[in-house]
Amino acid sequence: MLPIENYLLLSLLLFTIGVIGVLTRRNVIVMLMSIELILNAVNINLVAFSRYWGSVDGQIFAIFVITDAAAEAAVGLGIILAFFRNRETVLADEMDMLRW
Amino acid sequence: MLNAALFYFFAALAVVSAIAMVTRRNIVHAAVFLITALLATAGIFLQLQAQFLFVVQIILYVGGIMVLFIFVIMLVNLDVSLHLVQFNRQRFVAGVLAVILGVQVLGAFWVGRGSLKLGAARAMEPKNTEAVGQALFQQYMLPFEIASILLLVAMIGAVVMAKRRV
Amino acid sequence: MNAPLPFFLDHIWLVPAFPLLTAAVMLFGRRLKNSVVSVLCVGSVCLSFLCSAGAFFQLLSLPVDNRVASKHLFDWIPAIPYHMVSGSLAYFHADWGFQVDPLSGVMILIVTGVGLLIHFYSIGYMGHEGGYYRFFGYMNLFMFSMLMLVLGNNLMLMFVGWEGVGTCSYLLIGFYFHRKSASDAGKKAFIVNRIGDAGFLLGIFLTSAVLGTIHFNEIRPALDAGHFHSGDPLITAIALLFFVGACGKSAQIPLYVWLPDAMEGPTPVSALIHAATMVTAGVYMVTRTNAIYQLAPTAMAVVAVIGAATAIYAASMGIVQNDIKKVLAYSTISQLGYMFLACGVGAFTAGIFHLMTHAFFKGLLFLAAGSVIHALSGEQDMRKMGALAKKIPATYWTMLIATLAIAGIFPFAGFLSKDLILGKAYEKDFWLWAIGYFTAGMTAFYMFRLVFMTFHGQSRVDHEVEHHIHESPKTMLIPLVVLAALSITGGWVSWPEILGGNSRFIHFLEPVIAVPHEARVEAAKGVSSHGGELLLMLLSEGLVVLGILLAWYIYIKRTELAEKAAKGFGGFYDLVFHKYYVDELYDALFVNRAKDLGLALGSFDTNVIDGLGVNGAAWLTRFISRLSIWWDTWIVDGSVKLGARIVWLLSYPVRLIQDGLVQSYMLLIVIGLVGVLAYYFHLAHSAVR
Amino acid sequence: MNYLNSPFFHTYVLPVLYGAIIVAVLPLLAGYIVLVERKVMADMQARLGPMRVGPHGLLQPIADALKLLIKEDIIPEKADRFLFWMAPVLSVGMALLAYAAIPFGPVFQVADLNVGLLFILAISSLGIYGIVLGGWASNSHYSLLGALRSAAQLVSYETAAGLGIVSALVWAGSLSMKAIVQAQYDRGIWFIAYVPVGFFIYLVGSIAETNRAPFDLPEAESELVAGYMTEYSGFRWALYFLGEYANMVVVAAVATTLFLGGWLRPFVRYHDHFPGTSIELLDILPTLLFLGAAAYCLRLTPRQPVKIQKMVMAAVAGLCVILAGVMLAALFAPPGVMAGIHGAFWFLAKVGAYIYAFLWFRFTFPRYRFDQLMRLGWRFLIPLALINVIGAATAIVLSEQWGLHPLPAALITSAATLGVAVWLASDGAKAPTTTAETAGGGD
């Protein structure tokens, strides 16, 4: 059986990539997708640990995480739609109406 | 042997497509690569004998959320956005910081390497779906309900947000 | 007068109240119809006439030694303490009080009576004019002012009336304000009157300074108490100052110039204001203050000389005038000269007597002339008249009666009053009498010249005017008839003793006149020479008849003689015809100088006051405000902005963080996370060691 | 023979073999489904349909396939080549992948996942990407709108269809296809009898999922030319076509498995044998059917105008006779083989019937308007499906806790659900059509 470090490293890689995407991409949709990627990394961890502990709790939490991801995607995309309708842009560094 | 091969295949696929997703200029391509990454993740779940989660991952993530993403992308897609700079001003700092963060987590693994004594994985009981269902509807009933309420609220919020005249 | 006064004397204030009321109503007269206006105004004057008549007869009912009714309405100037010339303390106080004595009684009768007739006449005369309500409003206001002047029991109140009549005169002369000549004439009258008023006002001040009072009934006691001997310079000064005012109001040399121009006003105005009542205010005032004059022989002499000079001077100008109203105006001036002559020789009562009769016949003359003008639809030049006797008989006969009266034919009113004056003058001084005597002849001449040129000879009327010559309406004829009757009989109230009468009017006025001791001696002496007086009468009659015949010979028998005469006199004629160039002289001497002064003052105002003062102040203010603007902008605001700028600069790093970009916030989160992990590693490392 | 029983053979060889068979047969199957569709359409419209290529146009599919294969392959200039290439492959690939879990018979199944049903649903849900990405990649407004429409439509009706499936699942109690069929065998009745409403919901949902009339909005010719396929031509277009028909087969297979008893023959609990043999009476049915078909063809043969047609028709009759012989022979084969062959026959027969229903609907019902489609999906089908699931659960509780016989319990709950359906229909009729805007924000 594979040692769990493989999964941890994989999820760490995906997590880092996702963080990079969230921090650097201008497109809000890509940011959201990167967030999804991060959540996936988390899921990998959870499932791997549940596998290694022989209990499904990790998978349960993974399910909750997916639920959360679904809700977050729905609301986030709704916000993006509304914003695009008003501002004609999806670039994060043009959404600075909260400044000072 | 086959198990390891599957894992490495899926892992490589996931990492590569994730990198591609972050770097692609075309949003639709990025979405496609994310789908690939998610599918690879699903494969890893399968390889971890979490069949139910494997299916849920595909149905919910790939079949639901990503469809929604592509949907919105097609609604808001602007050809001009293809020719814009895809990365913001803080890209270098941010990249470096993210890498530092990853390295730190890695260091955390390294520091805690001794404490992770799992030994060999115990065999999951074959009826994975039933097990998940049992746990979900008995042990984790309340979180389940809360999650359902969360979904309801999210749905209403999304509808209100996306309505023509907010 | 602790005994309760009878009604009309007690409510004497009613007399001026009625005209004032209607005058006030006339402010809104534009809305009223002419009929309403006539009823209101004439009715008010009629009421005040009835009141004054009642007051007069109740005055007669009072005992002779105390025929004075004073009515105090309310205090005007309560009491201002000051030091008189004599150094003793006095209180200057004036109140709204009315004093009815024989003098003012007669005056209010004349004013309201003649005024009533002239108002009545105006209904017909002004019927077709615009501003009907305006005319009657002014007229009523004038009535009020004149009655205030007459009834006032102190100099201040009299001065109020004095100014009031001046204002009304100005307003009525300029009634046709759209004619420049009319408005100019109004201004001229007003300005010339100002000179006299200034003198009068100074006189009032000096009076209060010297005598400590301005109430008529207190003047004589003050004089007696002050032990002023006759010819006291202060008293003389007062008298002269008063006389200046009288000259202004009554058109005596040198201030007569406004009266001829005043003929620009409507004829009823000329009749009422510039013949019957207002112009006689000077005579009334001199008579009212006779106590002062009798202590100033010099002033009396001045009054007499000026009166006589004015009489003959105006008469000479009246001879050559062609405008019918101008002739009457000069004759008015000359008659006023008669009155002042009387006053000057101490015959105040004779002056008042002549004032009354003059009011009758001169009012009648003006009204008749107005009727003529009305008949000729506005023609005033006598050279365009003639042979009107048949066409407008009523006007002709009344005019003839008035002319006889002014010419002094026995037994018309003018004869009695004028001969009384001449007699007194003869008693005083021969030359004064000679001037008056000669003037009487000239008067007869130019008056009959007027009559002949207007009513006899062949007609010189323009043809388009010719065929609608018409007799005036009843409303105009009735006053003519009434005044004609008065012109005949008005003088009989004082039938001279010499003709078997008892001059009741004179004696009735006696109490008003303060008769100094020597004067009473004179009177006793004068009674002796009846023969002389009778002779004087015959002489004047003869001269008058001669004048009439001369006028008939020149203007009826041989008309060409008029031009011949004009040619013959040559330069002198021109001189007289141009009124001795007095207007031009005054223009050169005073008017233009005043204008220059005005211009000088104007330029001073523009350059010095406005330029230097106002604009300079404005410039200075602007300059200072510039400074303060600079201060505000650079120092005050500058400091504020500097503070803001400093804060802005200091807040720069914080603002860098708060750029509102979600990704930078995420970056901060990551930084914090990295920091925390670094700290964790530090702990772990130390734990290991 | 020993080798045939080895686990290696069963674990690796057989699945690959089955997969190869499916991939090889499926295009042919799709082509002949098209032919059948055209024939049925012609029949319903009182026409003949394709008659030229081969007798009664029997060779038409081959000709079409050849034509499509040799046609010029056009890629629009502004198109996104990568996705343009990937989309059709994706749709076909996903369709084929779904076959992996479909049991064509007790033995004829690639892989029996214990989440087989969910697997199929997941894979078929991935089929959306084929459409959406293709529509977007071809960079055309018609394509994009079609793609958006189909995305909205598929997402909406997947939910309804999935809930319809759940109502059957609660009776089956397993996600494995085999287990589901086994459950129906054990109960001795098809689940369509227990959850008719669920079957109806799945029927409608599956039609919508396969973009078939009356729900073929994404490729509505009158509105969008050809929808997401507008820019496609030739081979890629053929791939889309293939994927569509493959999907039809998939949904038909799922419906068969869940509601129609899979490979089970009718009356599975009737076990009378031919006297003296172990052959059950009803197992003779397939043979009889084929013989009847052969007789029908023979009767038609003399009426054929052309000689060659007579010959072909005779040949068809002969084929039917051969198949009948095969069925008959199977009766005497070992039970495994026999069950496999007969199961495949019944399964394919049921699938054919289901697809025939599809064709029937297509030629019967007019096309929906988009907002009507959305209203139907969101305001009628989904609530009804939820109620239906509750009803099914209630029926199970009634039967298992209270000992009621399952059939009446299911009938009661189904009746109640139908009442709700009527109420919902009337309500949905009255309701304003704002749901379309919310769900199908694409157009």
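Order as written gives the chain letters A, B, C and D; numbering starts at 1 within each chain.
We take it that contacts are C-beta pairs under 8 Å (C-beta built on N, C-alpha and C of every residue); 3 or more make two chains touch, one makes a residue touch a chain.
Everything quoted here is computed from the prediction, not taken from an experiment.
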Comparison of B-C and B-D (more C-beta pairs in contact): B-D
Where subunit A and subunit D are represented by their mean Cα positions, the distance between them in whole Å: 36
Subunit C and subunit D, separation of their C-alpha mean positions in angstrom: 128
Intercentroid distance (Cα basis), subunit D paired with subunit B, Å: 32
Interchain centroid distance [CA atoms averaged], subunit B/subunit C, Å: 115
Residues of subunit B whose C-beta touches two or more other chains: 52, 56, 64, 68, 75, 88, 90, 94, 97-98, 101, 105, 128, 159, 162, 164
Multi-chain contact residues (two or more partners), subunit D: 441
Multi-partner residues of subunit C (at least 2 other chains): 661, 663, 667, 670
Contacting chain pairs - touch in the sense defined above: A-B, A-C, B-C, B-D
Parts of subunit B lying in touch with subunit A, wherever the complex brings them together: 3-4, 7, 11, 14-15, 18-19, 21-22, 27, 30-31, 34, 37-38, 41, 44-45, 48-50, 52-53, 56-57, 60-61, 64-65, 68-69, 72-73, 75-76, 78, 81, 84-91, 94-95, 97-99, 101-102, 105-106, 109, 116, 118, 120-124, 128, 131-132, 135-136, 139-140, 143, 147, 150-151, 153-155, 157-162, 164, 166
Subunit A residues touching subunit C - in the complex, by the definition given at the top: 19, 22-24, 31, 92-93, 95-100
List of subunit B residues in touch with subunit C within their complex: 88, 90, 93-94, 97-98, 100-101, 104-105, 107-108, 111
Contact set on subunit B toward subunit D in their complex: 26, 28-29, 32, 35, 51-52, 54-56, 58-59, 62-64, 67-68, 70-71, 74-75, 126-129, 159, 162-164
Interface residues, subunit D side, partner subunit B - complex: 80, 82-83, 86, 113-115, 118-119, 121-123, 125-126, 128-129, 132-133, 136-137, 144, 147-148, 151-152, 154-155, 158, 175, 437-438, 441-442
